[in-house]
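Comments concern the structure below.
Order of writing sets the chain letters: A, B, C and D. Residues in each chain are counted from 1.
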Amino acid sequence: MSDYSPIELMICVAARQMPDSTTAFIGTGIPMLAASLAQKLHAPNLVTVFEFGGTGAMLEELPLAVGEERTFRKALAASGITDIMETAQRGFIDYGFLGGAQIDMYGNLNSTVIGKHHPPKVRLPGSGGGNDVGSLCWHTIAIMQHSKRRFVPEVDFITTPGYLTGPGAREEAGLPPGTGPIKVVSTMALLGFDEETKRMRLEAVYPGVTVEDVIENTGFELIIPDHVGTVEPPTDDELRILREEIDPAGLYI
Amino acid sequence: MRVLESGQGELIQPPDLDEFREWNRAKKSRKLEDKLMDEHEAIRRFVFDGCYIGTELYGTVRAPMSLTREVIRQGFKDLRVAGQGVLELDLWIAAGIVKKLDITYIGLEVYGVSKALRRAVESGQIESVTEWSNAGITWRFKAAAMGVPFLPIRSMIGTDTFRYSAAKLVEDPFTGMKVCLVPALILDVALIHVHRADRYGNAQIDGISGFAFEMARAAKRLIISAEEIVPTDEIRRHPDRTIIPYYLVDAVVHAPFGSHPGEMAYHYVRDEDAIKEWVEASATEEGTQAYLKKYVYDVPDHQAYLGLFGKERLDALRAAAEAAR
Amino acid sequence: MSDYSPIELMICVAARQMPDSTTAFIGTGIPMLAASLAQKLHAPNLVTVFEFGGTGAMLEELPLAVGEERTFRKALAASGITDIMETAQRGFIDYGFLGGAQIDMYGNLNSTVIGKHHPPKVRLPGSGGGNDVGSLCWHTIAIMQHSKRRFVPEVDFITTPGYLTGPGAREEAGLPPGTGPIKVVSTMALLGFDEETKRMRLEAVYPGVTVEDVIENTGFELIIPDHVGTVEPPTDDELRILREEIDPAGLYI
Amino acid sequence: MRVLESGQGELIQPPDLDEFREWNRAKKSRKLEDKLMDEHEAIRRFVFDGCYIGTELYGTVRAPMSLTREVIRQGFKDLRVAGQGVLELDLWIAAGIVKKLDITYIGLEVYGVSKALRRAVESGQIESVTEWSNAGITWRFKAAAMGVPFLPIRSMIGTDTFRYSAAKLVEDPFTGMKVCLVPALILDVALIHVHRADRYGNAQIDGISGFAFEMARAAKRLIISAEEIVPTDEIRRHPDRTIIPYYLVDAVVHAPFGSHPGEMAYHYVRDEDAIKEWVEASATEEGTQAYLKKYVYDVPDHQAYLGLFGKERLDALRAAAEAAR
């Protein structure tokens, strides 16, 4: 087994969350690498959906933006943002991948501001399609750097809905039923959400990371089950494809 | 259909659908008129201080970069902007000409957050910031494009994105379900870059169409820049490719490499070094000003801008796109 | 001057209502012949708009249906019904041409039922795009067979709005301001609407038709101005083009 | 946003957006599966008695006539129908299989009113008739296609068309203006005829697209018939031509001359004599039954139907379309 970075493992873990023959809403960055990796390994029929219109592209080369030509090269359809977002609104998109500067125990994400709204301490990019993905796709998976600064008791701003204030809160607010975050892929662990309480739960740590490390780097109380597994490290195949085919220029890894 | 909750953000451009109808009746000619002009004339005639303006598509992809730079060059200010953008809006913000912002995402994609945005918002230089999701703001364009005052949507609900927007949560009178209403967004000016257009403004786009369809129909004044100007006969041969019909258009600008340093699908790939140059320059106020001086103020027009890069480099961008086909 | 039929004159009068370089929403039948005639004579840049997506076609051959290939041959755009109807809703369509089984003095049209709604004495086709054209285009022009049975005191069913119950009623109901019927081209006369009262007014009779003939064949009180003109008969050019180029098969004329 | 007035027509197919989402999650495969089947199997598997069904485009133009006839042939009944149509819906009404009708226009265009409609409605055989405008009903499809419970519109207002519809008049909470709300219309089944599709259902249309985009997205079950079945590579070469992506589609039927006696843009012109034959036959109940016997019941399938006209006649229809290009 070669050496690998936490980012590389994170990409592999994210890719493993993408089952074959499902639809996945792919944003810029890690999700693109993960989707490409999934297509080249276990999910050749993963249907990638990109915000600005590409559906079903074969990600032979890594796109750097969600609208660029590689997101609809050899695609099945190339439409526009309203068609894609309405497809999600109608319940056709299985998975969505999200990121943010902060996440709380209910999976709510902040990518808008640190501090108050205006003027803020730090102005972040804003929702982009994040809020739509988090509202309309069936399952969302957050991809996060793992640190106390990012896993916070309360996000400064709920940009994208997780379970809001807990069980039933999404439905009560008016969001489509049956949706919500299911996984968090961090640089330390794979996390999920407790069925009952909708609170974040540790599922498996990365090799070399302890449960205590994760707790230490999380700003809220995680649910720690009796058994915490260990994530499989990247296989040789995963690493080779990632390094040689997907990101040979080392833009992300 | 009770209003259950209202976002507290400023409605920066309140819609008036009847005034929009009247504008479209009186100010948009049905004549097939030659609207081909240079970027200087197009921007001078249709942009104005304080106007509410939008750009399509998205920074590094089919963005109207040559028009964007011309807006700065002509010194317009106090712009109110529909804010989904990368390089194009970042340039405006960095140039200090944006006063109010309906923001969805402004950042540098793979290169992270926008330092220009941070400086302008954290300092309070941008007076008003109202939040929306990407779909939310496009649905606002779509409402205007449909000629109706709002559209119901199922995102934004339950979040601070809603709370700091100007949307409303209501109960649907047919089913009782909760839906979010977003108000129509009628632009004073829109800038859209396309693959080809005729002199009248009939415009066609290859590949994804982003939100060109909606934005073109949501604007009172529409400036099209095009990689190629084609005879109307070519438009008439494939009318099902026309995304923007002529009567929506006020000006047509011929702009090869109009999206540079971004890409144009099938025509040229993005110029990564040129993009990185902005990313690095914009990290500081000084770098920003030097960049704007070199690439905007000190060049008279788009042709001269392209001259800074040279034919060989531009040819290579075309060749790379050709190789990918 | 050749002989001509009332239908032929009606087509010529309708064509004369179509100014050059305007947009006109064209339905099946007489409006298609009139638009084609207008394009071939005084309005070469008349922009025809057809319900199912054709914009700016050159009507070299007569279409028989509002969606057929001739409605978008050499057109500037070929989209779909929502784009066209929303273009009208945004105020881009200057003229719309309408028909119906009944019309009243405010220009309200019935093409739905004779008798009560269900089950009716006679079931007619229904609104089609009529209601939309009558609501959303700036000016509408009705094309009608002139008889007491059709020009009625009260239509059995308001399919398409004229001025509803009179001045201000459209705006009060919620229809876009500044819209409404401006002309009625019948088989006997050209009629308009009084600015003040919004009631139908005789403007000019066809050659050989008297004002009394028109009154006789109208089921409500028409406004008769002091001066009633006479419509110009078809010119030789109009008749030749109509008969030889537009409808050589005699489908309508 | 008060409801000012409600149409008194029956809401024949009340929308349930969450159930539609759940259907689209559970019942619509994301797999690229071979869905090519004959018309018999497609109709047998996806149509059912009492279903709410719609057809695109419009009678004599790109209408799914071969599928329409197969629905009658298989004896389905009590259909609830979204009613904008010419020959296709006229056949169903004449065959006595329509129970409820959301009507916009059913007639014979240049040949006048539909006698079949008159008989079926005036006798009360069709139980329920709710009125809409053409745009109104298409906007209902569009609402469903957008995944929202209603859309605001500015037509239908103030008329009996509104009063006998199931629309509502409300006050817009942003501007105070009055708008009409039309409820989403989610079809149980939709039939759409296209120029080309691959075996998975990716479908492309040339020329105007009518309301195919909206109807395809508003249907729980979608049967596509296509003039040509093409390899997926051809779809992938021009993804911007795809109007209906595969995941919306349940069955793909190869149907050359599938729109006969109507036209198919660029492929064949309308068969005027065949259209007139229906116009004349449908004038009487006897004529109608004789027509249905000859062209529907007594032929086993579309191929046999075409056989009644013969190769020479069909070739001439193709040649006429070719000559017009």
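Keep this in mind: a residue touches a chain if its C-beta (ideal position, glycine included) is under 8 Å from a C-beta of that chain, and two chains touch if they have at least 3 such contacts.
Quick caveat: nothing in here was measured; it's all calculated off a predicted structure.
Among the pairs B-C and A-B, the greater number of C-beta contacts is found at A-B. Inter-chain spacing, taken between the CA centroids of chain B and chain C, is 40 Å.
Here the CA centre of chain C is 28 Å from the CA centre of chain D. Centre-to-centre separation between chain B and chain D, using Cα means, comes to 37 Å. Each of the following residues of chain C touches two or more other chains: 54, 72, 78-79, 82, 89, 136, 176.
Shared interface positions of chain B, i.e. residues touching 2 or more other chains, are given as 17-18, 146-148, 153-154, 177, 179, 207-209, 239-240.
Taken as a graph of touching chains, this assembly fits none of the simple shapes: it is neither a line, a ring, a star nor a complete graph.
Every pair of chains meeting the contact definition is listed here: A-B, A-D, B-C, B-D, C-D.
Across the complex, chain A is touched by residues 17-18, 20-25, 28-32, 145-148, 202, 217, 232, 235-237, 239-240, 242, 245-247 of chain D.
Partner chain C is touched in their complex by these residues of chain D: 57-62, 83-84, 86, 103-107, 109-110, 113-114, 117-118, 121-124, 128-129, 131-136, 138-139, 142, 153-161, 164, 169, 177-180, 207-214, 263, 265-266, 269-270, 321, 324. On the side of chain A, the complex with chain D involves touching residues 21-23, 45, 47, 54-56, 72, 74-79, 82, 86-92, 94, 136, 138, 176-178.
Residue ranges of chain C in contact with chain D, taken from their complex: 28-29, 50-54, 61, 64-69, 71-73, 78-82, 85, 89, 108, 112, 117-132, 134-136, 157-161, 164, 169-170, 173-176, 251-252. Touching chain D in their complex are the following residues of chain B: 1-3, 11, 14-18, 146-154, 168, 170, 172-175, 177, 179, 181, 183-184, 205-209, 239-240.
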